[in-house]
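To start, the structure itself, in structure tokens.
In order of appearance the chains are A, B and C, and numbering begins at 1 in each one.
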Amino acid sequence: MNGKTFKSSMRARYLKQKLFFGAVRLSALLITLALFGILAYILANGFRAITWEFLTQPPTDSMTKGGIMPAIVGTLYLTVGAILVALPLGVVSAIFLTEYAKQGALTRIIRIGVNCLAGVPSVVFGLFGLGFFVVFLKFGSSILAGALTLGILILPTIIGAAEEALKAVPQTFREASLALGVSKWNTIFRITLPSALPGILTGAILGVGRAAGETAPIMFTAAAFFTAVLPKSIFDEVMALPYHIYVLATAGTHIEETRPLQYGTVLVLIALVLGIDLIAIVMRSMIRRNKRW
Amino acid sequence: MEKDFIIRTKNVDFYYGAFRALSDITMDFEKNKVTALIGPSGCGKSTLLRLLNRMNDLIDGTRVEGEILFEGRNIYAPDVDPVEIRQRIGMVFQKPNPFPKSIYNNITYAPKLAGIRESGEIEALVEESLKQAVLWDEVKDILTKSAMTLSGGQQQRLCIARALAMKPDVILMDEPTSALDPISTAKIEELIDTLKKHYTIIIVTHNMQQAARISEYTGFFYLGKVIEFNVTEKIFTNPDVKQTEDYITGRFG
Amino acid sequence: MSAMKIRKNILTLHAKEIAIRNLFGFFAFLSVLLLGLILLFLFREGLPLFKKISLADFLFGTAWYPTYEPPEYGIWPLIVGSLAVTFFASLIAVPLGLLSAVYIAEIAPTRIKEILKSIIELLAGLPSVVLGFFGMVIVGPWLQETFDLPTGLNIMNASVMLAIMAIPTISSLSEDALYAVPREFKEASYALGATKYETIIRVIIPAALSGVSTAVILGMARAIGETMVVLMVAGGAAAIPEGIFDAVRPMTASIAAEMGEAPFRSGHYHALFATGIVLFVITLAFNLIADYISNRFRETGSGTL
């Protein structure tokens, strides 16, 4: 190839590269804009609705006025319930997968199972919760049924995060402990698990965020259209923020009239969910930075 | 006088999957002596060391054939718990691996789990182990500080102290000084020399001078086999096998 | 400590170890059992439908009038609706997800990379009901006005909002795959005088192809299973669409919207569960394919390319 054609072909190659890099940057920009566009819009329209009454009072006047306190409380109950179900189960599963299981058919089946569970659509979890917890186990539409359904929904997330955290614990820690004649169980419980704890908690927090934002799984298992009083037991129905948004925005005759309430509720939900996610993200980067090993 | 062998291996073969990493290893390790295992990388010396306290159990798809007798009992017999074996055969690793706990808790971790509860006994044990590992003077005022703040050489001596706190009969050392500076290395070699009064030490080393300095017996490994196993002086001055001589004179390896 | 004391501890320990292992194994296996249980209860509540109509009439019937007398339970329009929004969402989400992954893995400076990863994670964290709401109040009216449509709640709107849901999945999984490409490959390519663009297109992406395909499949699975967005912005018409500005009623939307009103264990109720089975089977297939691809990749490495 002589110098001249080489040069002009180089120019063409760099032009292609420029175009490609332009497209790549544009895509990153679009994604960023999508997030901040949505957030800014909700914030701009929602912040006026946020008052002390809004956060602490129940809805009034057929849900056209008043606050969202029961929905906040309900979401809190459901989320805490879900994590109580998923965290122990998820951590134990992850311990088995990383510490005990040998590579084999059983591990393979469990992994496929976890992956497939992660892929089950949320509305199918809702159907399952309805068929199993509400109808078959006769829990009725209740905090218990909703929390169990959400717990199963976030189980794969928790397993994944816990597994990753356990895998990040250096093998030398385990070896050091075992070589001292400490049993496997004690090694896991006193060395591996404490070292992995921050990572596991990060995963748990992300799971909480996910559970708090889900609507479809609780529609038929726990969520009430409206309750004036707070739940008294785990067998009561509750209002929940995501479902409340859906109800206000789609049902009833006052959709336009209640727009401010809708924006306000959306803002509260976003603040809650993204706040939780942000805590997890910050926590994780802190763990990475302060890694002692 | 009849020699007292604390560990004997009989025709040991070891496989990682289909790969035979060790073949036909028969060695006797004398009590309260230092035995060095030398040889080029991948020759199987570390693998053998990790067989002696069943650390290779942790690796999937491995298989042992033959017998490894510890005080006459086959440690791979089905009724033997590896945990018990590891309480009596301690190990020090290539890279210092203290737990991310305080110095004090690094020492007390295993003895407490083994059932020592009395606090006076525990405290005495900490002091004794650290003194044995010649670390006491350096850390006695900072016992509650994280072990991660110690220097590499100090960490390694802490790991030795941690192993000593279990009062094992045998201490396995897997290239314990390869990650350390010369001064720390010298300290650890000195330590090994004092420890052998009470403990049997089996040490894997890359460093032939080290083997010559500290050990009574030396085994030379090559391609998963013991090529020669004899008194250290003999190995280093007048080996029987040509390969051994080539290795220690630096002609290969 | 005496050897006797230790030995006594050990005998009890040994049995305990085995018990713990088996207990933990059981709990780990629970995920598989739950999957089976989900299927079981979908069948329990869904199969009675087929006493009334045949599987073929259910799947390929073009009329979904579950509350009419006599009712008709053909979910073909719902399936088409699901596929349509998933397809158009993929058209948007795949390029954006992939390109952003390339940006993060290969081009962006470290700081921007970290920020962008957090942004994508936050995007993934946006509750679907929020996106649905946004699509309803912003995108819908805008579409209606701009294109002079009878409704802004249609395939187009749903696809855009679904794409936002699928992008984080595609982007972060693709990025993992791109990141895992050995440095040697890139260096070899640069050393031969290839530009960065050529290296990315000819070496890095092909080497990461199976991981990237997995990402795309899982992103699509996420879109097809997504409920609230399509419930709120797809328009809800249970008819086979003719254009991208037509309203549709994807399976998930149909289940979520109607389950509240369907009388307990009526034909309608069973039909919704049966729709759940179809949805479950489709997403399960997506996930198994993804698992198969990523697993094959792990075994053969990138040597197959």
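Operating definition for what follows: a residue touches a chain if its C-beta (ideal position, glycine included) is under 8 Å from a C-beta of that chain, and two chains touch if they have at least 3 such contacts.
Predicted, not measured: the structure shown is a model, and the values here were computed from it.
Asker: Go through A-C and A-B and name the pair with more C-beta contacts between its chains.
Answerer: By number of C-beta pairs in contact, A-C is the larger.
Asker: Quick one: which chain's Cα centre is the longest way from chain C's?
Answerer: Between chain C and the rest, the longest centre separation is with B.
Asker: Taking each chain's centre as the mean of its C-alpha atoms, which one lies nearest the mean of all protein C-alpha atoms here?
Answerer: A
Asker: For chain B and chain C, what's the span in angstrom between their mean Cα positions?
Answerer: 52
Asker: Take the average of all CA coordinates in chain A, do the same for chain C, and state the distance between these two points in whole angstrom.
Answerer: The separation of the two C-alpha centroids amounts to 15 Å.
Asker: So the centre of each chain is just the mean of its C-alpha atoms; given that, what is the distance between chain A and chain B in Å?
Answerer: 47
Asker: At least two partner chains per residue is the criterion; list those residues in chain B.
Answerer: 83-84, 87-88, 114
Asker: Return the residues of chain A touching two or more other chains; collapse runs of consecutive numbers into ranges.
Answerer: Answer for chain A, listing residues that touch two or more other chains: 183-184.
Asker: Give the residues of chain C that touch two or more other chains, as numbers and ranges in rising order.
Answerer: 13
Asker: Where on chain A is chain B touching in the complex?
Answerer: Result: residues 102-103, 170, 172-184, 186, 190-191, 195, 292-293 of chain A touch chain B.
Asker: Quick one: which bits of chain C touch chain A in the complex? Just the residue numbers, please.
Answerer: 13, 16-17, 20-21, 24-25, 27-32, 34-35, 37-38, 41-42, 44-45, 95-96, 99-100, 102-104, 107-108, 114, 116, 118-123, 125-134, 136-138, 164, 167, 171, 195-198, 200-201, 218, 221-222, 224-228, 231-232, 252, 255-256, 259-260, 272-273, 276, 279-280, 283-284, 286-288, 290-291
Asker: Can you list the residues on chain A that touch chain C in the complex?
Answerer: 13-14, 16-17, 20-21, 23-28, 30-32, 34-35, 38, 41-42, 89, 92-93, 95-97, 100-101, 106, 109-110, 112-128, 130-132, 135-136, 152, 155-156, 159, 183-185, 206, 209-210, 212-216, 219-220, 242-243, 245-246, 249-250, 259, 262, 266, 269-270, 273-274, 276-278, 281, 285
Asker: Chain A touches which residues of chain B in the complex?
Answerer: 53, 55, 58, 60-61, 82-88, 90-91, 93, 95, 97-100, 109-110, 113-114, 146, 148, 159, 162-163, 166, 168
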